[in-house]
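The following pair of complexes shares a single chain, chain A, combined with chain B in the former and chain C in the latter.
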Partner chain A sequence: MLIDHPLLGPRDAAEFVYKGDAALIHRPDGAAEGALEAFIDYGYLRDNPAGTHRELWFHEQGDRSWLVVTRDTVTHEISRVELARDVARREGRSK
Partner chain B sequence: MTQRNRLQGGLIDRSKTISFRFDDRWMKGHPGDTLASALLANGVRLMGRSFKYHRPRGPLSAGSEEPNAIVALRTGARQEPNTRATTAELFDGLTAQSQNRWPSLAFDALSINDRLSSFFAAGFYYKTFMWPAAFWEKLYEPMIRRAAGLGALSLQPDPDSYDKGYLHCDVLIIGAGPAGLAAALTAGEAGLRVILADEDPLPGGRLNAERLEMGQQASHAWAAETTAWLAAMPNVRLMMRTTVTGAFDHGVYGALERVSDHLPVPPEGKPRQILWRIYSARAILAAGATERPIVFENNDRPGIMLAGALRAYANRWAATPAKEIAVFTNNDDGHRTASDLAAKGVTVAAVIDTRTDAPKSARYEVVAGGTVTGTSGRLGLKRIEVTDARGQSRRIDCGALGVSGGWNPNVSLTCHQRGRPEWDANIHAFVPGGTLPEGMVVAGAAEGAFSTHAALHAGARVAAAIAADLGKTPPSPDLPQAEDAPVSLTPFWHVAGTTRAWVDQQNDVTAKDIRLAHQENFTSVEHLKRYTTLGMATDQGKTSNMAGLAIMAEVAGKSIPEVGTTMFRPPYTPTAIGAFAGRSRGTEFRPVRKTPSHVWAAEQGATFVEVGMWLRAQWFARPGESHWRETVNREVLQTRNSVGICDVTTLGKIDVQGSDAAAFMNMMYCNGFAKLPVGKTRYGLMLREDGIAMDDGTAARFAEDHYVVTTTTANAVPVYRHMEFVRQCLFPDMDVQLISTTEAWAQFAVAGPNSRKLLQKIVDADHDISNEAFPFMACAEITVCGGLRARLFRISFSGEMAFEIAVPTRYGDALMRRMMAAGEEFGVVPYGTEALGVMRIEKGHAAGNELNGTITALNLGMGRMVSKKKDAIGSKLSEREGLNEEDALKLVGFKPVDAQDTVPAGAHLMTRGTPVDAAHDQGYVTSACYSPNLGHHIGIGFLKSGDARMGEVLRLVSPLTGVDHEVEVVSPHFIDPEGDRLRA
Partner chain C sequence: MRYSGFRVIKEALTGHRGWGPAWRDAAPQDAYDYVIIGGGGHGLATAYYLAKEFGQARIAVLEKGWIGGGNVGRNTTIIRSNYMLDGNEPFYEFSLKLWEGLEQDLNYNAMVSQRGILNLIHSDAQRDAFIRRGNAMILNGADAELLSTEQVMARYPFLNVNDARFPIKGGLAQHRGGTVRHDAVAWGYARAADQRGVDIIQNCEVTGFRIERGRCTGVETTRGVIDAGKVAACVAGASSRLMEKAGMRLPIESHVLQAFVSEGLKPVLPGVITFGAGHFYCSQSDKGGLVFGGDIDGYNSYAQRGNLPVVEDVCEGGMAIFPMLGRARLLRMWGGLMDMSMDGSPIIDRTHIDGLYFNGGWCYGGFKATPASGFAYAHLLATDRPHPTATAYRFDRFAKGRMIDEKGMGNQPNLH
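Coming up: the complex of A and B.
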């Protein structure tokens, strides 16, 4: 498999470490009301689609960027690759 | 022995004669021969014994699809079992042994299996050997394993090397037959970067096996001329002896190049094979087609082979299995074999054509509407029984029979992703279907266009389309005139009423087995395969799947496409494990990381141990010490009594800097770090988000915006990855930067009551490291040895007054030598990982054995460390009910009631008087050692409500190792529980 790194171009998947669903970006606020329930959902409940899936890959043998890779789990077609940091900011995470 | 079945012509080099040995016979052949062609030329048809029934077998094919002629090549450490004689290139001195026979190929004791065949029908291992059950493991299985199977390994290390390589191209062309050559010519002239790969040493494919005219020249001459033309193009890479073994995602292909298989030994500096990973923008599959046999009674005798193979042996290798042959066919292609062999002076006894309208011939007899209904000849074909259209039988003498049931496009690589072959009723075969691997197109016989003309034009056409697609101007290469015969075939799969008719010759599956499987309700083709093992041998059923499907369809009353399709998986042909391993074997299995003091330690005669990729000193034995524990005891006692030094460089070090560093640290660790004063170090426990302990270590604060984190050796990489995840994915706007500095700093633990005195001789005088100026948990950036920058930490894993000192890695060796010299007056000792382990167990510090992926802060006795005042990774889920039960496991120590007893790690704890079972389990020992300070064994581990059970005597059991004795629950802090030594 090849992942088209937004900064480095196409790189072999062997250079990356896979983590999982990009929904992991949406970590609940631990100080909020009902946080335990939210964390159980966050930690254990994932969609398992046959089709388009956004997932986190770490370029460990490369520039150490976390990427959000949009991959079709049926065909392995990769339709989009972005820096996870950009995705996280766009989706409302800050500090 | 003469080459009595050698014909005229052929593409072999008759100017040279070479010798080879098969079993105990030396024979002659020529360069260009395969082992099979040379054996046939020497009159040898019998080349092996079958897998299950030990039936005598000869080659069925002339290529890599071969199921039968499988031999062991070479001798000694280079002996290579299960090699196809049909693809093994002949070299001078080649030795080959037949397999799966004893005592000899001609007389094989286990051919008794053939007489007992009724016991070995489909699924026999579920039936015949069922009772008594106890016999299975001791008798039946060893017996079956001994009798079945293929070749044996030499059991010696392979002396050859294997490489891995990476290639990039615009277009990978798989197969150098007419379609592949035309495609390469077109793509090459268009200026694309082309790789043309073929498993054969000689480019041309069937062009070398046929007697065809192309333009004004013979087909093999056109192939040679075209190849020379391609070889001169700088943008074309010809890769012969290279099998494309798999099609993977995104245009990535695996290919095995047999660099030296055709030589007695690899040339100096050359590998035996190279496993290539080819990155292609596009690929053209021009893999040709594989002929399929017709199934009939006793169709497996040596001398019975595919008609196209018989023709290939005659035309390319000038060899024939016999001087008198017959052909059994359902299509026009079989007649081509008859006329080609007749042209070479071989007698064609008859062509038996299943079609009533079979073409006539003036040169040989044609039995139209006939079938072959039997054969005879124990070790090789002697005659066949032919039944004509009126049902009358007669015998025809012949030493070889060419069989043709038509041709199957070679769709293997189209199936490696999501392709599913589809039935083409025009050619009665499966053609590529479904979604092909990304970027792949198919041309020529592989897509069902069987004529030479069609293959040439398809190859040129698809290559031109790719060139245009990739922005090049496609040329129109000059293609020669070539034959364009239509496919003329009437499907005929098997002769009815057989009892011993082989469908899959490599796995010994008969037509009867398939009928039996259906009768026993294995009606899905996937079940059929697994029950009968049809198509599951090393040839993946290249010559057998179609007949199996056809017979299945017939008994099920369905059409072939209704029954199912054939599927293939990588690798295309069997690939040696050595090729996948490449250079990663022995000491080069993976990189070795050495610590800065490695050379010094080796000089001291240290024993090393692998810790991840690191080599660490395990202990430093002195002359006269007879047992490793004697050494370790000395290292421990001397450290606790005076001073010892240990290289701890392998611990992970991560530099954390930025204005949000404190907030980031607070998020990473379950305990607080924001209020850690500058110049101080703190123990930190890092949790996974699910609340389980991930790693622990210390973090030092060198400035408001600068922390240095340490991790355990094993977790250096995962912790860094995790911290980057938190930084980039969860808190993208935090002003914080991370870098791993594990290799940048050489770090040593200096432990023991004389550690300060020793370091005072090393640390430059303007840095006060007295207890008042530099107390327990202090850290500072200092200089040593007259100005070398260094970091000093007052931390202790051993429980003694201790420091860790770090200098830039290139000074590590010098610092170790300097400290050992400085410590001489105190009797300083180096200590290894064993002494380190003993001291941390004596002190009750958790390590990898305790942080085992199931343990929480509560279990470690650190429940109160998990701050409720802040959000941190893992803190919320550590509140889960299941992790906070009343009787949760707690870290405690154990000492044996009888001081002679051990406390082995892994042993479980039971309350006295209860049954020894999982339901009554109270906990387990995680780490254990002999404590030289206490004079007996000790252990630490986890016990239900352990902190409330001090003094209780428990039963320690390990049924596997025979341990069953009593231990007392004690504090895990065996040494200095109040911590006075640390603070001294």
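Coming up: the complex of A and C.
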């Protein structure tokens, strides 16, 4: 697979480390009501869809940026690559 | 029909006209006591033990394709019980004991071959870890023997023991481990279950669950609605897709694992060998092909095919321990789908929905577990209590902090 890095252009997926579902960006608030349940969900349960999947990849052997890659788990086709930082800000994290 | 040497001779003399189909092509009835979803090794074994050991009747196995067309037909056929943790080792040793009696039990030649498995050691720290694991195995009634480099060499003279980077410093052997003809496992269980009245229904995909007031009363399939006293999911590789229909999210990611077979060679590899410094395992099939594999690709996939970086990684592992592998040509390679769980261990448990049971999360170790998985699942279905060797395989172990994490990797499925 080739991942079209927003800054570096197409890079071999072997340069990256895979983390998992991009929903992991949204770590629960530990002080909120029901935090325990939320953390069990966050830590252990996954949607695991067959089809479009947004996921976190870390460019370990490159510029060490985190990316959000939108990829089809049935065909391995990558439709979109963004910096995880931009996605997190857009979705209200790290303000 | 009972298979025997006498029967083979009789059929040979009478033109082989007496052989019938090994199992019926059953059509679905309106209702069953037990509906098992998934006609793989685990599902068929579950049906067989439900009927034989627990005396249950009115059992159906629903398979969306043909039986044995999934992971039981796509693995590297290795059986072993060399685990360490309390939650695992008694279960896998129970499985190995069932393998040892399987062919007589099923009256079917599954070619169970206890040719031994050898985990190679490459450092002092690894020897310490393997001694610990070997002792845990012995404490649980399994067999384990620590071999010196000389003992390893006597058995496998072609190994590259003086490799500069990964010298071989010995090995942990389990002589009762080995290989089994994987397809014959599915066929043997199917035939034996069918003889005990189990309906094996192929080309019957489950499209939904009938759930009323927190109770599962049946399944919707491509061949109509089937009512059921108890519904048992057993579809490792596709567990998330199936259980989503019941509104469940699982502690599982689906990953692709590749496997490889070389062209047929004369006998060179008498047992199963695993590389300790990377991830590589290899045996030689009775047809002569070297059957080998390594790591999963490492990203969520339902594609049943992998990518080239892992091919390179696996072949490098093989070349590091026996360079003669480089002379062999690759004949076939394929990918299968793994339920990678959050701690690398499986789940055999009730769900929060009455009458709906779950078996999955086998990571890439499901084949060796087939008999015990079927037995333990049948025990759970028939008695509503977990089998004594499978009490740790609960859904709630994640919330309660009782992970069974052999490799100590944490909740990162692609590292198990």
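The rule is short, and it goes like this: the second predicted complex is superposed on the first by the 94 of 95 C-alpha atoms of A that agree within 3 Å, B and C clash if a C-alpha of one lies under 4 Å from a C-alpha of the other, contacts with A are read in each partner's own complex, and residues count from 1 in each chain.
The rule we apply is simple: a residue touches a chain if its C-beta (ideal position, glycine included) is under 8 Å from a C-beta of that chain, and two chains touch if they have at least 3 such contacts.
Predicted model only: the values in this text are computed from it and were never measured.
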Partner chain in contact with A:48 - chain B first, chain C second, else both or neither: second
First (chain B), second (chain C), both or neither touched by A:58: first
Which of chain B and chain C A:1 touches, first, second, both or neither: both
First (chain B), second (chain C), both or neither touched by A:40: both
First (chain B), second (chain C), both or neither touched by A:89: first
Partner contacting more residues of chain A (chain B vs chain C): B
Partner chain(s) touched by A:76 [first = chain B, second = chain C, both, neither]: both
First (chain B), second (chain C), both or neither touched by A:25: first
Residues on chain A lying within both footprints (that of chain B and that of chain C): 1, 12-13, 19, 40, 43, 74-76
Touching residues on chain C, where the partner in the complex is chain A: 240-241, 249-254, 298-303, 307, 309, 342, 398-399, 411-414
Chain A - residues contacting chain C, complex: 1, 12-14, 18-21, 40-41, 43-50, 53, 55, 71, 73-76
Complex interface listing, chain A residues touching chain B: 1-2, 12-13, 17, 19, 24-25, 27-31, 35-36, 39-40, 42-43, 56, 58, 60, 64-66, 74-78, 83-86, 88-89, 93-95
Chain B to chain A touching residues, read off their complex: 248-252, 279, 417-418, 435, 438, 660, 663, 689-690, 717, 721, 724-725, 728-734, 870-872, 875-877, 879-880
